[in-house]
Amino acid sequence: MRKINTEVNLAGVKLKNPVMVASGTFGSGEEYSEFVDLNRLGAVVTKGVANVPWPGNPTPRVAETCGGMLNAIGLQNPGIDVFVQRDIPFLQQFDTVKIVNVCGRTEEDYLEVVERLGDQPVDLLEINISCPNVKEGGIAFGQDPKAVEAITKAVKAKAKQPVIMKLSPNVTDITVMAKAAEAGGADVLSMINTLTGMKIDVNRRTFALANKTGGLSGPAVKPVAVRMVYQAARAVKIPIIGMGGIATAEDALEFILAGASAVSVGTANFYNPCATVEIIEGIEEYMQKNEIPRLTDLVGAVR
Amino acid sequence: MSKCKMQAEVLRQTQLTEDIFDLWIKAPQIAEEAKAGQFVSLYTKDGAHLLPRPISICETDRETGSLRLVYRIAGYGTGEFSGYRPGDFVEAMGPLGNGFPLKNKKAMLIGGGIGIPPMLELAKELDGEKEIVAGYRDVLFLTEDLEAQGRLTVATEDGSAGTRGNVLDAIREKDIQAEVIYACGPTPMLRAVKAYAAEKGIECWLSLEERMACGVGACLACVCKSKEVDSHSHVHNKRVCKDGPVFEAGEVEL
Amino acid sequence: MRKINTEVNLAGVKLKNPVMVASGTFGSGEEYSEFVDLNRLGAVVTKGVANVPWPGNPTPRVAETCGGMLNAIGLQNPGIDVFVQRDIPFLQQFDTVKIVNVCGRTEEDYLEVVERLGDQPVDLLEINISCPNVKEGGIAFGQDPKAVEAITKAVKAKAKQPVIMKLSPNVTDITVMAKAAEAGGADVLSMINTLTGMKIDVNRRTFALANKTGGLSGPAVKPVAVRMVYQAARAVKIPIIGMGGIATAEDALEFILAGASAVSVGTANFYNPCATVEIIEGIEEYMQKNEIPRLTDLVGAVR
Amino acid sequence: MSKCKMQAEVLRQTQLTEDIFDLWIKAPQIAEEAKAGQFVSLYTKDGAHLLPRPISICETDRETGSLRLVYRIAGYGTGEFSGYRPGDFVEAMGPLGNGFPLKNKKAMLIGGGIGIPPMLELAKELDGEKEIVAGYRDVLFLTEDLEAQGRLTVATEDGSAGTRGNVLDAIREKDIQAEVIYACGPTPMLRAVKAYAAEKGIECWLSLEERMACGVGACLACVCKSKEVDSHSHVHNKRVCKDGPVFEAGEVEL
């Protein structure tokens, strides 16, 4: 066994390995701590949190699709107060990087949460400007390069932690959005959020989701996600967290070879709660087998 | 760790009606912990169908470490399960959810359609006096097993057995008395049971159903409307998979 | 058995049923005529044809993905001369609507083909402004509303047959593109073409496709396609041909209920050569069972 | 109709080497038509894996309407097939492709690795004198079947059997003579065979491999570079699935 180094550095924050969980698919870590040793993870990314509690959308909120799923949770969250009291102390117990995902309807909403987190033991902030499931805010910010740059600037001005901007795949040219976030001062990008989709129940002749549309995630979207990571990695200098359908070490390596410095596992947690740990082990094996000393040697290696 | 995902061996499977199957699987870690009203998530073998299929625990046998699941073919997943033969394996996670609280009172167990199976394990776990009311569309199933656990009253929509009508028609007709009600079945039935319990001032516990993605409380897919702001979500939502599937009737809006 | 009517009308052209094949997945019909009676189909849509022969891209040109596939054929075609001599006479033998898919690198390329087809026994023209696999032309036209409107206008000025504009899903807002095509005078829209994707072979550490990126098709993309058809159907008055992952009658009905007047079957032909006929029969059964006298009663019925 | 897609019953399956399997399926309509050098498309049962897995016909038995397929586990699909047991069904389409032209000349049949299987059916169909040359990495397979059809020369990369080296090393070492060459194997081998045939002025037919989507000539996924502008595409491309997989060596660029 040769010595391999799986560490990655995101804006000065060191992760022991590149594997984290995708926001909204892992709660705040507590539910899955019965399956996974959170200390193994490169980072935990929490469910999106807003300045006040959000009730989310009516049910049904999820539907299965071929190789994936649609969700329209609508960013239900208990608000920053409860989050700070309950979820941050829970995560404090673990030796893993803590990333808080922030959502909002207006710029002020985002800034309020970012400010509240300033003195909290949180390593990075991930700003979700790409949720397709809420009417105002969310995706609206993420589909216009001027808005992306403006919100990034505003967040950066208040943030005490490095800032990850989470981009929407529902755009004509992802490189335009990636560059806009970089221009606004983003430290890291994460992509992709979900692709907007719809399912119709032909027997009941109605929408499968109460919200009509939802966000498509899971292995079905992986080719789109890999392509966008590849394109963005060639357009900006800041690191990228890749996600979209990662379920195995091979999937994770696809994103890393395409240019992602780290990866998130989302939907796969739902059908394989141990996916993250299997991926970490699989990446280590791959590095051993191929005699790759540092994970960073693989980042963007296919071009 | 109280939960686990495992490859469970299929011990036997029989067909109860045209579309209802009776599956025994070997899952010692799950059987060890399982309580009436809890469920397991089953996963298909097909790479295009990823989400869990939640199925209630119908019976547990701790000695052999096995679980009984009774389910209706509703689509792809249950269709796949119905083809399993002894020796096959199925991926199962559980036990999930809270389960029914066991009260030391005269109990009425109400099951409608595919909500009947969890009543069997509940009847086995409840020590006191119990009345079981089972509502069917037409063809009966599990009646022998239920009769072995308490007094059984049957209702059928087509009147082919027991009272013609639904479970409440049977309860009213037979004037069945109880101090606590446990119910599982379609939402209209649960709504009627809730109203009946309120009218009579009887304690009442309902097992709900909702579309799930994680099954463990992480994704917030499976919420139901709760009367009070709940302590987890701080909005009027409770998670069927984690805070439920069993709720005190007054807690939830149907 | 009640009498049901599955006819649909696309810009004055009557199809016996709403089921056609998607361009590029059925050759010019000859290869699949060994499996399918072409007389059963609502229409046959040919592989894209250009003014001159195109060699297409190097191989590998296809790769499998979860619930779908990537292709980068690169619009290989024998050019309009051979097409007119060989493929049109072949299709002439069948009692089905004939739709020719047209591709080009420049506006002039498109117009040359459109003019050549003017006196041919062809019922409709489908203009592909959305192929992600060729450098110039193709998708570039399809991602800018001004270009969509301009090329539509130019084609309409020359076309003797009604014109279908085939839209790209790789855009921020499909309704903008749909409206642009309508403004340019399009008679019908078809959507979606493929979503741009990428696959990396982690063992060989190279792209799975020689062209690096390719177009994602198959059941994996269906939720995105249904959503776009739904959105576009509410934005324009002209009929829409829906496609993207249709493999069963249920899939086809999803698109019709979402607002498509007709549907195309693409990737499914590859793994089920009889898919089209099964879908036609399944739609008929559904209409019988649900007592729907006319297929048109289902178009856009879920809203 | 000369092609068909059908559910073929698995008759038997044996494991030849660590990763090579020998599968007999019942597919009368396909067996009826099949010629050496043609292939069938097999489809997995998994909804996430949609494309065909092209597998060459290793042997046909018209009397029993069955086909022999010998394949190496290369990924998901072949992995799935390797688990099939008698009585299972596999979806198969064929026969596809052109097949080898049968010439009345002294023939040399060259197979490399997993390109060996189609040489068995070819050897059975060729009447005249024939030399069979089979190149392996290390472990041999199908040698008994091949020996029954003609003189067999073996080459192994590790020298554990026959000539140490590749098929061309064996041909040169044994100075094997022929008037027509048929070859199937990895591209570097085919390139060497083509050069050898050109050098010696021997007629030569090569069976090529390329990624496929339709398998029937409709999608243009599987093209190879052809020397002449071909009559179908009118560019320098031929379709491996329809115009091939067998090409006259001079026709194609490798």
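First chain written, first letter: the chains are A, B, C and D, and each begins at residue 1.
Heads up, the rule we're going with is that contacts are C-beta pairs under 8 Å (C-beta built on N, C-alpha and C of every residue); 3 or more make two chains touch, one makes a residue touch a chain.
Just so we're on the same page, UniProt names per chain: A, C = Dihydroorotate dehydrogenase; B, D = Dihydroorotate dehydrogenase B (NAD(+)), electron transfer subunit.
The model shown is predicted, which means the values in this text are computed figures rather than measured ones.
Under the contact definition stated at the top, the chains bordering both chain A and chain B are C, D.
Of the two chain pairs examined here, C-D and A-D, the one linked by more C-beta pairs in contact is C-D.
Each chain gets a centre from the mean of its Cα atoms; for chain C and chain D, those two points are 35 Å apart. For the pair chain B and chain C, the distance between C-alpha centroids works out to 46 Å. Taking the mean of the C-alpha atoms as each chain's centre, chain B and chain D sit 55 Å apart. Counting partners per residue, chain B has 47-49 as the residues that reach two or more other chains. Across the assembly, chain A contributes residues 66-68, 218-219 that each touch 2 or more other chains. Taken together, the touching pairs cover every possible pairing of the chains. In the complex of the two chains, the chain B residues touching chain A come out as 1-5, 43, 47-52, 93, 210-224, 232-237, 242.
Residues 66-67, 219 of chain C are the ones that touch chain B when the two sit in their complex. Those residues of chain B whose C-beta lies close enough to touch chain C in the complex are 47-48. Put simply, chain A touches chain C in their complex at residues 65-68, 70, 143, 170-173, 195-200, 202, 205-207, 212-214, 216, 218-224, 226-227, 230, 245, 250, 253-254, 257-258, 286, 301-302.
Interface of chain C with chain D (complex): residues 24-27, 31-32, 34-35, 47, 53-56, 59-64, 66-69, 71, 73, 76-79, 82, 218-219, 267, 269-274.
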